[in-house]
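Following this line, the structures themselves.
In what comes next, chain A is part of two complexes: it sits with chain B in the first one and with chain C in the second one.
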Partner chain A sequence: MRSLTISTVRITQRTVMRVTQLENLANEWAPSLHFLVPVASRPKFDEIARMTSGGLSNITVALPTEIKTMRSRMGAIPMIRLDKPEELQPGDVVAVNPAHHSLQVLLRESDTHHALFLTNRCNNNCMMCSQPPTRQDDSWLLEEALSAIRHVRHAPARLGLTGGEPLLYGEDLRKVFDAVAEYLPGTQIELLTNGRQLSDPAVSASLLNGLRTPISWFVPLYGHADFLHDFVVQMHGAFDETLSGLLCLQAYRQPIQLRVVLIEPVLKVLPQLCAFIGRNFPFVRELALMGCEPVGFALANRTQCEVNLTHWASTLEHSVHLLDQHAIPVLLMNIPHCALPKALWSRATQSISDWKQTYAHECATCAQKKHCCGLFSWHKKSWGSAPIASIKEEIAS
Partner chain B sequence: MSRFKNTLSLFLASIPMLVGRSYAIAGPDAGTTNIDTSYDPITLRPLNYPTDNLFASHRSHSSHSSHASHSSHYSGSSGSPSYELPKTPVYASPTTTPSSTTSTSNSSTVPLATLREQAQTGQGTPSMTLSEKRILQIMRVQIALTRLDLYQGRISGDLDAPTKKALVLFQHVKGFSENGLMTTETLNALGVLAVQ
Partner chain C sequence: MIAPRQQPPFYRLRPLQPDVVVAVSDTGDHCFLCTSEAETLVQRPQHLSIDRLAELKSKFFFGPLGWPGMSRLYASRIAAKKETVLNGPSLHILVTTLRCTHSCRYCQVSRALDDDGYTMSLADLDAACDTIFQSPSKVLTVEFQGGDPMLRFDLVQRAIERITEKNKTERRQLRFVVASSLHNLTEEHCAFFKQHQVYLSTSLDGPAVLHNRNRPIPTRDAYTRTLDGIALARRCLGSDAVSALMTTTHDSLAYPEAIIDEYVAQGFHEVFLRPLSLYGFAHRNEQVLGYSNAEFHAFYERAFERVLYWNRQGVPFREVSAAIALNKVLSPFDSGFVNLQSPTGAGLGALIYNYDGFVYPSDESRMLAEMGDLSLRLGEIGTPLTLLLNSPLQRKLISASLCHYVPGCRECAYNPFCGPDPIEAYGRFGSTEAPVSLTGHCQRQQWLFDFLFSRLHANDPWFVDLAYRWAIPEALRRGANA
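Here is the complex of A and B:
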């Protein structure tokens, strides 16, 4: 997430705001929203000052640091000061945090991937978790997400909801679904969840009955037997609840993407897992095989999580073949082409969010670069899916 | 002690005596999740058409008769309600002068308002009553006039005498008819989107 260092004046608590140009303020202004208006000159500042003295209290001014504090004759205007106001874009939904002298860009219109972070708590403890869970009550994140949804200017095609485990909110999560339906008509939610809470009929009924917004459910599955999955997620009983949740989602005709992160204990049983999914969950929309991000718990469990996928090429091909036989579409995510057998290149997607995607210097000469997902921006700090190699060969895709 | 049991046998050894078996639940059919990914074509158009401007003639309801015809049009459908926008502008720029009678709520405008409501997005205010929309539109006009330093009063949402005076001043500068109303022409020149 993008974070900028700021100083604040007359802002007392963490506040969600929409970045708006002064020229558009009259069009976008609404009493229930808070606006952050970048201003770089005295006359424009005076325009805001007139509005504030006219009674508008939901406008904050963003000033460049090099301009000395503008003293308003007409009232006390909330202000933030930052080095480069041009880093803010119109339509950005930001959280201004005076206690930490920081501003986070929660949502940006020009991004290709939009996501809201709902909680850092989780009821699993996956050995390769890229976002290690914490125990503290962070339900303020839910309120902030609701506020962020209200501040969005244009409904994006898709909005990711992530964590942690968002379903830990139980029926309160429905507030987010309904807010998206109300404020972002046309937006499809993509929810990352382990689905365990849906095994509780009360929770699933309150979340899924009469949904007004389309949701894609992204659910991980790591084994075809309880102890295999439970081992990877380090939680006894998780497999049963996740399976129950998947069946519940199907009962409500919800689209499911199963997600399998390719770490060693999973790769060892991958063909069996794929056959299990093909037999028992033929209704899933697709299955995503994902490279492991070398961050978070994966670093602590390096012996299980560090794999060179080129050594598992035949396993991958066999597994994809099994899924093909069951007519389950396969996506390969977060794996560069040089880590995959050629036959699977066409299944690889450009899955790494633009703000954390990068390429290595070997990639400059690679013929596959334009089709490849590239690398996580932190790839240099740790291992990758395989040694990075430049591919000479062009393949029609 | 480590947070992980990082071999399978160690993990199995830690299994509790009773692991609750959950159960599959049947649920009713949820709605379909088809998404319309088609895009609206981009067309050149003025900021607001007269039909967009719900409050062109504050206090004047000279177009009541056309509302009535809409209602009959609206109720004529059987089953799924459909409502076609009239081809001719309904809320024409007012030629009448504001009368002294105060406005009353007009039920025949509701179908039009609810129809427009569905089209609204990104304004942070999806479900507003007609009077709330009117207040918001006046406030936005007051913000635009404040920016131009034509209006120095409170941004109140009340189309009071100072606001009308500022509107007349703006209309005078632009060479429009100086009626102090939020006509479509005036909104377009101010660059204020009509609240729908």
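Here is the complex of A and C:
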């Protein structure tokens, strides 16, 4: 998530705001929203000051740091100051956090991936987790997400909801689903969840009965037998509850993307896992095979999580072939083309979120660069899916 | 009724080749084991390798193990296999007339053109159309058979119009099929069929010499006239509007490659290599027409090789009985073939409304009636469907076809893929409960499953791919998600 350092004046608590140009403020203004207006000149500042003194309490000014002082003759205006206000874009939904002197861009219209982080708690403890779970009550994140949804200017095609495990909110998560239906008509939710809580019929009924929000459910599965999956997620009984959750989603006719992160204990059983999915979950929309992000627990469990995928090329090809036989569509995510056998390039998607994505210097001369997902921005600090290589062959994806 | 077993073992074994055992679980998942591994599975499963243990666990060889999620998955897998017989009869066959221009030697029932009294009354026809909608099935296939139903096109037209009208409020997914020699097909007929999206099914026994020998008509040109009919139908209704069925007679046994080549040459995408069913007139001519299982299997293997040959040439072409069996083995969904179900698809999956005013559970049972045995009637046309399906006969057919209980089936490794044919048992032995293993149905299916599992075990990647394409055709591939 993009984070900027700021100083704040007259902002007492963490507040969600929409960035708006002064000239659009009249069009966009609504009493229930909070607006952050970048201002660099005295006349514009005064214009906002007039609005504020006229009773509009939901406007904050964003000033460049180099402008030393700007005071309103008409009273106090809430403001933030930051080095480069141009880093804010109109339509950004931001969280201003006075206690930490920071501003997070929660959602940005020009991004291709949009996601809201709902909790850091989780009922699994996956050995490669990129976001190691914590125990503290962080349910304020749910309220902030609801606020962020209200602040979106243009409904995006898709909105990711991530964690931690969002289903730990139980029926309260329905508030988010309903808010998306109300404020973001046409937006499809992409929910990352292990699905375990759906094994409780009360939870699944309250979340799914009469649901009007289109949701894609992204559910991980790491083994075809309980002890294999439970080992990867480090939780006894998780496999069985995830199976229940998947069947519950099928009963409610929800679209499912199964997700398999390619770490060593998973690669060792990948063909058997794919056959299991083909026979037992033929109703899933697709299966995503994903490169492991070298962050979080993956660093701590490096011996299991660091793999050179070029050593597993035949396993990957065989597994994809099994999925083809069972008519399960398959995607490869977060894996650069240079880590994959050529036959699988056409299955690889450009999946790395804008703010995490980068390329290495080898990529500059690579013929596949335009089709490739690139690398995680932290790839230099740790390891990648394979040694980076520049590909000379031009094979259309 | 069809509750899966609640206690072990949850699998069955069958020796396939020296030191190759095919093991099949109740969910229809299979694996190949060597003899010693099979012994370990039976006697000391905890001594299996960890990889094999994981595989067999994931294939339900140890049942759901008391886990709620696995139990739900186990139940849903078994339910998916039973959809054809649990969702209400979806195949409704109207035998509108027995009249026919052919005098085929193997034909069970057909009558000459000047025979009176072999045509369904209008009142029965209308009542049959109405009964069809009493089935809860969302998909209804209405098939016209004979004789040649096209000799009384007026009845076909009346039924299709009545059913279409009724479907304006019923909103089922309808499919019409007319089985005919196509000798009398006209452009006017085709215009009507196009309007109602009717598919045609015809008989093609092979090349001209064989077809004309099997299916004589006075002018001795049955083959040419059927091809003319196919061409007309394709011109008017599209290239996929016609399918063809063949019957294997003793004469056919000499032509396995020629039969396949004929089907390919005529632009068909599949052939259904059907053995003769020894009913009706065929039964009387058994000495002339009949052949042993071994003869049929030798014929089948050669024809099957020829089907593979064409696929290797890049011509996609399926053999239907293999495709049905492979669907059972390789796909979690049932393709809906009514003759391979437990409980039996006779009645539960398909109903025959006969010209004589009675409803029968299968084609074979109406043929027995032609020979004077009326005991396989479910009831008169017009009887409510619930009464037909609760009739003493239907109950008997169900109880005689529960493969978890029927001796011979309950131990058979192919149990999850198959089901006994109580009507054949009755036809041959006078009892629906005659030993299953003596029926031709059982012997043929066991042979076919052995044959296909041996092919799968050989693990030729090209063949395995082909097997999956046959097992999971496009319609099932994504349709299952709807």
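Note that in this section the second predicted complex is superposed on the first by the 397 of 397 C-alpha atoms of A that agree within 3 Å, B and C clash if a C-alpha of one lies under 4 Å from a C-alpha of the other, contacts with A are read in each partner's own complex, and residues count from 1 in each chain.
The working rule: a residue touches a chain if its C-beta (ideal position, glycine included) is under 8 Å from a C-beta of that chain, and two chains touch if they have at least 3 such contacts.
What you see is a predicted model; the values in this text were computed from it and never measured.
Looking at the shared chain after the overlay, A:Arg347 reaches neither chain B nor chain C. With both structures placed on the common chain, the touch criterion links A:Ala327 to chain C but leaves chain B unconnected.
In the overlay built on the shared chain, the residue A:Leu247 is in contact with chain B and with chain C. Once the two complexes are overlaid on the shared chain, A:Met51 sits against chain B while remaining clear of chain C. Of the two partner chains placed by the overlay, only chain C lies in contact with A:Arg279; chain B stays clear of it.
Looking at the superposition, the partner that touches the larger set of chain A residues, chain B or chain C, turns out to be B. Applying the stated contact rule after C-alpha superposition, one finds that A:His337 touches neither chain B nor chain C. When the two complexes are overlaid on their common chain A, residue A:Arg81 makes contact with neither chain B nor chain C. When the two complexes are overlaid on their common chain A, residue A:Ser199 makes contact with chain B and with chain C alike.
In the superposition on chain A, A:His229 contacts neither chain B nor chain C. Common to the chain B-facing and chain C-facing surfaces of chain A are residues 199, 227-228, 240-241, 243-244, 247. If you check the complex, the residues on chain C that touch chain A are 29, 51, 53-55, 57-58, 67-70, 72-73, 76-77, 330-333, 464-465, 468, 472, 477-478, 480-481.
By the touch criterion given at the top, residues 199, 223-228, 239-245, 247, 269, 272, 276, 279-280, 282-283, 285, 325-327 of chain A touch chain C in their complex.
Those residues of chain A that touch chain B in the complex are listed here as 22-23, 25-33, 47, 50-51, 54-56, 125, 127, 150-155, 157, 182-186, 188, 199, 201, 204-205, 208-212, 214-215, 227-228, 230-231, 234, 236-237, 240-241, 243-244, 247-248, 251-255, 265, 297, 300-301, 303-304. Every residue of chain B that touches chain A in the complex is listed here, in rising order: 3-6, 8, 11-12, 14-16, 19-37, 118, 121-127, 136, 139-144, 146-147, 149, 151-156, 190-193.
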